[in-house]
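Letters A, B, C, D, E and F mark the chains as written, and numbering starts fresh at 1 in each.
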């Protein structure tokens, strides 16, 4: 169960409206690695933990904080949209700033949301749960979380570079710091789980059931051997189960597949038609 | 540029058709962490590397191998669909196996693809590029890759458990081994980059610009303190930049936001209407 | 800002696992009118209210409660999935219940989420923000909310009819009651706003600017006159601005449109080709 | 069955081309509440009515009219696109109007549709049937329709404000008037059904089966009590079944949920790993 | 403008309900090549024709007929769903037919649409305008139409094979015949346009501007030479502009690309990090 | 299995960066008819061919070449993005070129992909497998391929017209030539199959089972008779099975459908409510 506090976790007030930047800022609200994604990802992971304890608590703590970040961004975007211009291009073009704003802002901010933030990314794609991950295996999922915070902090930093508004920069500096913590925390949690299990997910599948002869082999499928010089092709494997090997000329291990004809009720092209007969002269 | 070899990288031949399993196997072909996802994710990352060298080569090597895995799965699924029954439920129900197959198989395998594999997951959602990630920052992206191989191996293992067909198990045991290698290799590559940069992505953003006072703080937003006992709340932070702290009762740092009214041409609810006046008696 | 309480708002415990019903119950968690939809819809509307007061508070109160409902459903679904069978169809078919479960359950519940709830509907479509509505005009949005609660309660009732599990029925009976309240509350809020504005949204557009001659006219575009007998074709209009009229044979008011040719750089079909010239004899 | 009349229901001729406005106008053609949505929503509802009579007729009349509105908007957009510029930015930038057009128009209007309208919204998202609603319960669906016409008229009004083209304004003034009628008609239809049933959908679920103790209760989940002052928290409920109540401090009614471990073949994190044991010193 | 006739173009009455077949039949209503696709595809093409005449008329004639086919399928599906069972699996499993139906039907047909047809395909994906095509170039678009009718008739035939219900077969036999006509008509229209233009779309691009040395060359990128024996590798090209050639060992024509570093504000991986330096011993 | 060659099939080097054109060029990389679509379409068709021979080989040859085209476009787009400006609009607006670029470029090129190409179209919609087609019937699918190459060449030509960059034009001239070949080759392949089968897909469905009385009839559903003058309404049908006919006034052949009431557990509107009774005076 949740309670809402009306105050914001941190300030979300720009120096001045900027509808173009509002469009861009949507990315970290409703994009693939925006705050909606991390909030729902952590909460769904938390609700799926079978058992209780510190991992579940950590997921619920962090997921709940991300709800506050959605709120901060929604507030910031609404304020950036205040006073968005509206009007006719020919008139607007006399003032290049207004013209650029009218041409570059997200038209749905005016037509659809009435100057409110939208659950969408910076080009206007609506948020989709295709973005989120919860598998029931925490080591797998904490890696998803570390990735999400890495991508998210990268995007926040890029947005920080793209504005001179001190209010926006102030909020982004806060969110970037929180992403620093969240990367740190998922790294810590991953290390705990790797120490208890193994680095390979899932650790519970018996290794003798997999084809171990290719478990530590780098196949070179790309002309040139630069990749042979990495740690991944030299020395003991990271899971402590073997030695990395490099295969320069990988060969196919199975013959050319030939599929059986489909049954007649499927009406695929008939085998008689598929045969390689000569081209009838009439086709020339 | 690419060349195609008609032989398969590894065997993809089931003992017998099984249209229901064909439906399930679609997950690792066309699902969020299926082979289409990793193939295109690695190739797009590779094409975006600015510079040349072992990381780009590794991405192209692995991306190209994943194309071969798409091919193996497409072949396996086409074979699992051979001889899929078709027909009337009332007749089918006399044989419970046929009835269950007709009820449980993906109807598009018969109606749409004519017993061919589809670029879709196990419930029939078509593959979407929403699944893939390429940011231009390799440490961020290798974490995405490690996650993808962790989720993918987990799914392949679950599918391995769900069939007794020795041909299917044989192919999955191969793919699981390759996922073992791919987890190992991305871990190795991540360690290389973390040694050259820092664990926090992006490492190029000046730390003094973020709000460092919250860069290593765990906020407890969820009643109960279990999360205080993890590594993420104790000791030096993983990035070597501070000490983890735990805040039991986080407080809001910014006041309740009040947004300004929208301009009239937006036709949002008017401020006069929004006011908290008394309820007219006529509404009772 | 939000806080999370680990206890549930209400019980979410089935009598026994039922993976098929888990699949169906996903509809009211992650479907078009599931709890994710109403939670995010109300919160986004709340964050966009320009001004403060009881409407904003009502939105935040209700949106926050819906987060608790997501949690209840996620918990219930995880429990319904406990002990989901896995395995080979031929073996399973000997027990028709197991066969039906394997054929009928959502395969992603096993392969993808590891027996956790998913942000998806009952056929497996991932949740999308295409479902939600926040326009900045509260009368419009409260109508969206009343619709959402109407559709949602209808779906919950249909699910209530489809199970005999007393634990599931108990939880649904609670959610249905909350939907009763939420329909009541949005009706009340709508009546308040209609009393302050007008029934037609937006009330702020000057009526003289619209083509008033067709503002209260029902055009009969469907052979047969049954629709002439409704309140919508008789008596004063609901907005108090006119009288309903019924037009039996509506006529087009504008000529057949003819579009100008596209410029050559667009390479549409050329006007010379579009001309109706005779069919060349060679085509017979 | 349908017949098509080549004349338009109303004029759709702009004074002059305006590719930027063409992009914006797409919202009311192919957006969430565009004409495609209402046409298909009303027709699908009509085709699902079980029985015949005035409600089905009303749905078919209105759905068929909306097809004519799709046609008007498609025609208007094609005309707004006539003469869209094409070319190189550096040259274009010498004329700020052309530059703004090239930067701000929907590039698919040139590349994909060849200056034709598209079944997409104002940011280019293709129309999806996720937008539409047909439940078989007419009171629920008429509320969906009232919402659609409210959102649709609001968007048309916002577009009306954003242009000075008298041809566009003339067409929008017509469409706004039709939305006035459609809001009026759905309100009238809703009142008829509410008078025959009850305001709570579905009216056929026995009230004694729901948890009536929470059927008229507003829970305050958001710090602050503004929402206590609305009609929804005072007086008799709108369904005539009780009195509204306000609960200031709602408490959870069910204990903290603990999920059972998953079976081994699911390979979720093992219970032994989930336990809260101490952090190994090696992790510091 | 459109008129609706309440009678159906052709019969749509099954002998008996069959909820499983209702799910399958959704494919030709709301799937990629279902009736919604062809209706909207032909109408959007028609509305975009610049000029008037027989091609536009043909598109409007056919698009309008497809609306009648949507109606027939919606009616048929609603009737197939009549009396769909509802209930508990354990009870249902005593009757294998009911068990298979409950497991195999589309749950949204009960929960969401209330036994009505849905704008979705046979696995439950909602219809999307991603499926349709209108380019402004009629030869291109008529090829899209011929493809749509080919795929559509193929799917209708597969469904015809999958049922023994004489009512369903009767309706499908009608729709299959109409697809026969529509394939014939688009072939005829294509031949007319090819006779007026050229077989290569668009015919208006000056041939001397393309790299003519590769305009009629088949590159062999797949080990093995079977493709050398087709008409496409022998004799004069179909456009009368050259001779087909076959290149057995195609070579790359451009060097390995090296991208320049990104500017610092993008925070991609730095060039210094990308360099191929040795692996630090600490990584072993 | 695939091998990758690091050299490009053809040059992909612009004269100078142009972020706005990069956005537009995405259409032929990740749009409905972009290179991702044709690559995966041909490969999936190839993997589904049941049997071996020249058709399968042709599909694999061409699909593998399209992978090289994805690579060329990804490289070109990355280069067009080099040096994309970043910054504040107010400053940017002083230079109209920079202002137009900031307003008109795809913001995800900076924020998300870090100046790399994306698997998305020119408005930012991510690529989806909804775009591709593989039915198991080669004549149907080759028509899909001919359409794809027709639409794709048309789009490439439109992009060629929209730039003056000689490097971009050079690459497009190459791709246009390849599209010329691919149109030629699919036409040749179609002719081969039509000669072996019949022009109507699928050719294996017994003609006597369809309603032959409407297999060659053009119904005029659109007021006006222009369509009567085409080849499709005159002379022998293209399949050699009949004579085209034109029906000026098509009539419905089946009565107005009346659906039976839904069972009570569905909670659709009750038949008693649906009845056409008089309007209660209280509703006025």
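The working rule: contacts are C-beta pairs under 8 Å (C-beta built on N, C-alpha and C of every residue); 3 or more make two chains touch, one makes a residue touch a chain.
Only a predicted model underlies this, so the values are computations on that prediction, with no experimental measurement involved.
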Spelling it out: a chain qualifies if it touches chain A and also touches chain D; which chains qualify? B, C, E, F
Given the pairs B-F, B-D or A-D, which one repeats the contacts seen at D-E for over half of the pairs? B-F
Cα-centroid distance, chain C relative to chain D, in whole angstrom: 8
Quick one: chain A and chain F, Cα centre-to-centre, how many Å? 27
In chain A, residues with contacts to at least two other chains: 1-9, 32, 48, 50, 52-55, 60-61, 64, 68, 75, 78, 86, 96, 100, 103-104, 110, 112, 114-115, 123-126, 128, 130, 135-137, 139, 154, 157-158, 161-162, 188, 191-192, 202, 205, 221-222, 224, 226, 229-231, 250, 252, 256, 259-260, 262, 265-268, 276, 279, 283
Graph class of chain-chain contacts, one of line, ring, star, complete, other: complete
Inside the complex, what are the residues of chain F that reach chain D? 18, 20-21, 23-24, 27, 31-32, 96-97, 100-101, 103-104, 121-125, 154-155, 158-159, 161-165, 221-224, 250, 252, 256, 258-262, 264, 266-271, 273-276, 279-280, 282-283
Okay, in this complex, where on chain D does chain E touch? 1-9, 30, 36, 40, 43-44, 47-48, 50, 60-61, 63-64, 67-68, 70-71, 74-75, 78, 112-120, 126-130, 132, 134-137
Show which residues of chain D lie in contact with chain B when the two form their complex. 154, 157-158, 161-162, 226, 229-231, 234-236, 265-267, 276, 278-279, 283-284
Any idea which chain B residues touch chain E in the complex? 1-6, 48-55, 86-93, 96, 99-100, 102-104, 106-108, 110-112, 114, 123-126, 135-139, 188, 191-193, 195-197, 202, 204-205
Considering the complex alone, what residue numbers of chain E touch chain F? 5-13, 32, 52-58, 60-62, 64-65, 68, 75, 78-79, 82-84, 86, 110, 114-115, 128, 130-131, 133, 135, 137, 139-140, 143-144, 146-147, 150-151, 153-154, 157, 160, 173-174, 176-178, 180-181, 183-185, 187-189, 191-192, 199-202, 205, 209-222, 224-232, 237-239, 241, 244, 250, 252-257, 259-260, 262-263, 265-268
